[in-house]
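Next up, some structures in structure tokens.
Each of the next two complexes has chain A plus one more chain, namely chain B in the first and chain C in the second.
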Partner chain A sequence: MKKKVIVACGGAVATSTIAANHIVDLCKKNGIDVDICQIRISEIQSNLDNCKLIVTTSKVRRDYGVPLITGMPFISGIGVDKTEKAILDVLKD
Partner chain B sequence: MIWEELNESLIMNHLDAKDSSDVFEKIGGTLIREGYAKDDYVDALIEREKDFPTGLDIGGIGIAIPHTSVDHVLKHGIAIANLKHPVQFIQMGMDDEPVDAQLVFMMAVTDPGKHVDQLQRLVDIIQDRDVLSRLLEADNQNEIISIIKDKEETL
Partner chain C sequence: MWQALANGINYIINMGASVMLPIVIAILSICVGVKPGKAIRSGLMIGVGFVGLSLIVTMMNSELGPAAQAMSERFGLNLSVVDVGWPGASPMTWASSIATVAIPIAIGVNIIMLLFKWTKTVNIDIWNIWHMTFTGAIAYAVTGNFWIGILGVVVHAAFTYKLGDLWAPLMADYFDLDGITVPHGTSAYMAPIACLVDAIIDKIPGLNKIDFSMDTLQEKVGVFAEPVIIGFILGAGIGFLAGYDVTMALQLGVKMSAVMVLMPKIVKCIMDGLLPLSERAKEVMNSKFGDSEFYIGLDPAILLGDSQVVTAGLIFIPITLLIAVLVPGNRVLPFGDLATIGFFIAIAVAVCKGNLFRTLISGIAIMWSTIWIANETIPWVTKLAQTTGSITDNSLVAAMDQGGSPITYIFTQLFTMQNVPGLLVVGIGYAICMVFAVRCSKQRAAELALKREQEEEY
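Moving on to the complex of A and B:
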């Protein structure tokens, strides 16, 4: 079954699209079937059904009861390996 | 490629700016004067930066990539400046952590679809710390263009 991942940013869609593209490639390489749901931070709450992971490129303080990882390393290039591993750890099981 | 679209009149070397608003006035003002952005572009930059900061810390080198929505832009372009003194920006995705920016890439975006593509290409450039170090030292417009061209040819 496809695993739903929410990718959200606060402002324009550009940074979250870059993060989303990276996650799609990462999951493809690791044989994980994902369904990316790209939305604004304000829309997370109403899209939580079956969601396995949330990746954001803006700061989020709220706890949605779903693992939340910052996608900023996909923009800055710093800490990409660690972030990839964290995403895979959540999605693998 | 970004380097092909660079315009010397939008590149500023060792720009003297006292804070981020001054950066927006000087670089954004140049985009307005050169016909890339509308008169309200600078105000829009300042407003957007408050809500969605654009500073990034790339392994100890601070940069900023300010931009606005398409409503304030007339034609697509990118302005680049290395700063005489670092200027404080808030980091993207952090909303309270500052970073001392030394390089600014200001995007004038007319097409949101194209924006993603342009941002992805910019991201490929800025993730290379050596390229950033060279851009910081660049003394003229041609040097900045050729550093970016060299990098893009390796991608």
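Moving on to the complex of A and C:
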């Protein structure tokens, strides 16, 4: 079954697109089937059904009851490996 | 030979933005090492974004425009020109012929400033080069002089990188973003106004003690904070105020929901197309200037998760509408930017250290000046929209995000002198704000250094 990943940023246009493309490539390489849901941060609450992981490009302190990883490294290019590993750890099992 | 080349370039420019920019982006992408197939796809995605945008802006204007006009007439208001917001303004800018050279120019200005140590900001946020391009595109559309347009991009780019340096201490201090800054159109140029307001409040006994925050507002309002709901309420509300019957008002509501939801999806196509170029630029800039002595310039979207920014963004939806009614002579109906007011005030929140009271006062000053300038620039933005084919009828458009920018306004006024008193007021006012911005940046850098020292002692 496809795993739903929410990728969110302020306007659902710029930074979330960068992060989403990165995650799709990463999962393809690791044989994980993902369904990306690219939205604004204000829309996360309404899209939580069946969601396995949330990646936001800014720091979000709210708890949605779903693992949340900050995808800022995909934007800045610093610390990408660590973030990739964290994402795979959540999605692999 | 040169004549043939010039003819060829003219031929391509005359085909319009939806054909020209895909070709330019595809060629640029191939030049930086993207595979031809992928490069062509990128180019076409940008064309798709333009076509989609023209559809949606036309619909928005033909539906919301008359309703806003009818509402204004009934209540003696003036708000008849719809704000297309950054989702509308950015594609128009990319569609301008200035945009074909803007990306290399903006990066070039950055590299030159870095080499001469005029800035420490390494901007890898290619998407938001549209803000710098906008100043050039507007100046070009209004003056008809291509070189003034190019100068606009250069001036705005240089100014933005300096703002990046200025805000870096605040990023580290308030947002915990070390070595990162946001050299961005909206938040960065709006924050100096907050510095002035913050300094004034500091001096007023009583007011300088007020501090409150509301972390939970977002959870309380829930789905009402979502663009789809905001669009509906606004559309239906304006419909009713315009004297429409229930059917027509609800139809307008659903259509405006559609605009709010579809707009970012369409604009995302343009971002998709820019991605291969943007990734390459990021690699190059990071490998050349990636040390710790530089600040990496990112998109302000990274600030929009902060709870105070989110809260303020929500409170400012009604406040902005109210300000639009109150600004004398204003014709701009805020719409396209309403769901992302956070972009205007994100750095102002850091200037006020998360103090919501001060953020509100600063924000009111920011939105007031934005709406006033956006109202002044209606003819310019409309002209840009017409020359890029984003609107095809005779309607007027406005854009708060970037159409309300003091930098764009001052630069273009300098070359047109259409409103000299306006130029003087905005120019002098903004210069005073900049003095306080520099002071604020130095103070926060000093505070930060002190904090670091104390931490090391423990």
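Please note the rule applied: the second predicted complex is superposed on the first by the 91 of 93 C-alpha atoms of A that agree within 3 Å, B and C clash if a C-alpha of one lies under 4 Å from a C-alpha of the other, contacts with A are read in each partner's own complex, and residues count from 1 in each chain.
Here is the rule we use: contacts are C-beta pairs under 8 Å (C-beta built on N, C-alpha and C of every residue); 3 or more make two chains touch, one makes a residue touch a chain.
Predicted, not measured: the structure shown is a model, and the values here were computed from it.
Once chain A is used to superpose the two complexes, chain B occupies space that clashes with chain C. Put chain B and chain C next to each other and count what each touches on chain A; the higher total goes to C. Residue contacts after overlaying the shared chain place A:Lys59 against chain B and chain C alike. Within the superposed three-chain model, A:Thr17 lies in touch with chain B and with chain C [touch as defined at top].
Applying the stated contact rule after C-alpha superposition, one finds that A:Gly77 touches each of chain B and chain C.
Touch criterion met: A:Gln38 reaches chain C, while chain B stays clear of it. Once the two complexes are laid over each other on the shared chain, residue contacts for A:Ser46 go to chain C alone; chain B is not touched.
Aligning on the C-alpha atoms of chain A brings chain C into conflict with chain B at a single listed stretch, 99-107, out of 99-107, 225-233, 315-323 or 387-395. Chain A uses residues 10-15, 17-18, 21, 56-59, 72, 75-78 to touch chain B in one structure and chain C in the other. Interface of chain A with chain C (complex): residues 9-18, 21, 38, 40-43, 45-46, 56-62, 72, 75-78. Residue ranges of chain C in contact with chain A, taken from their complex: 86-87, 124-125, 127-128, 175-176, 180, 218-219, 222-223, 225-228, 264-265, 267-268, 271-272, 275, 278-279, 282-283, 286, 290, 296, 298-307, 310, 339-340, 342-343.
Chain A makes touch with chain B in their complex at residues 10-15, 17-18, 21, 56-59, 70-72, 74-78. Chain B makes touch with chain A in their complex at residues 48, 51-52, 56-59, 67, 69, 92-96, 112, 115-116, 119-120, 123, 126-128.
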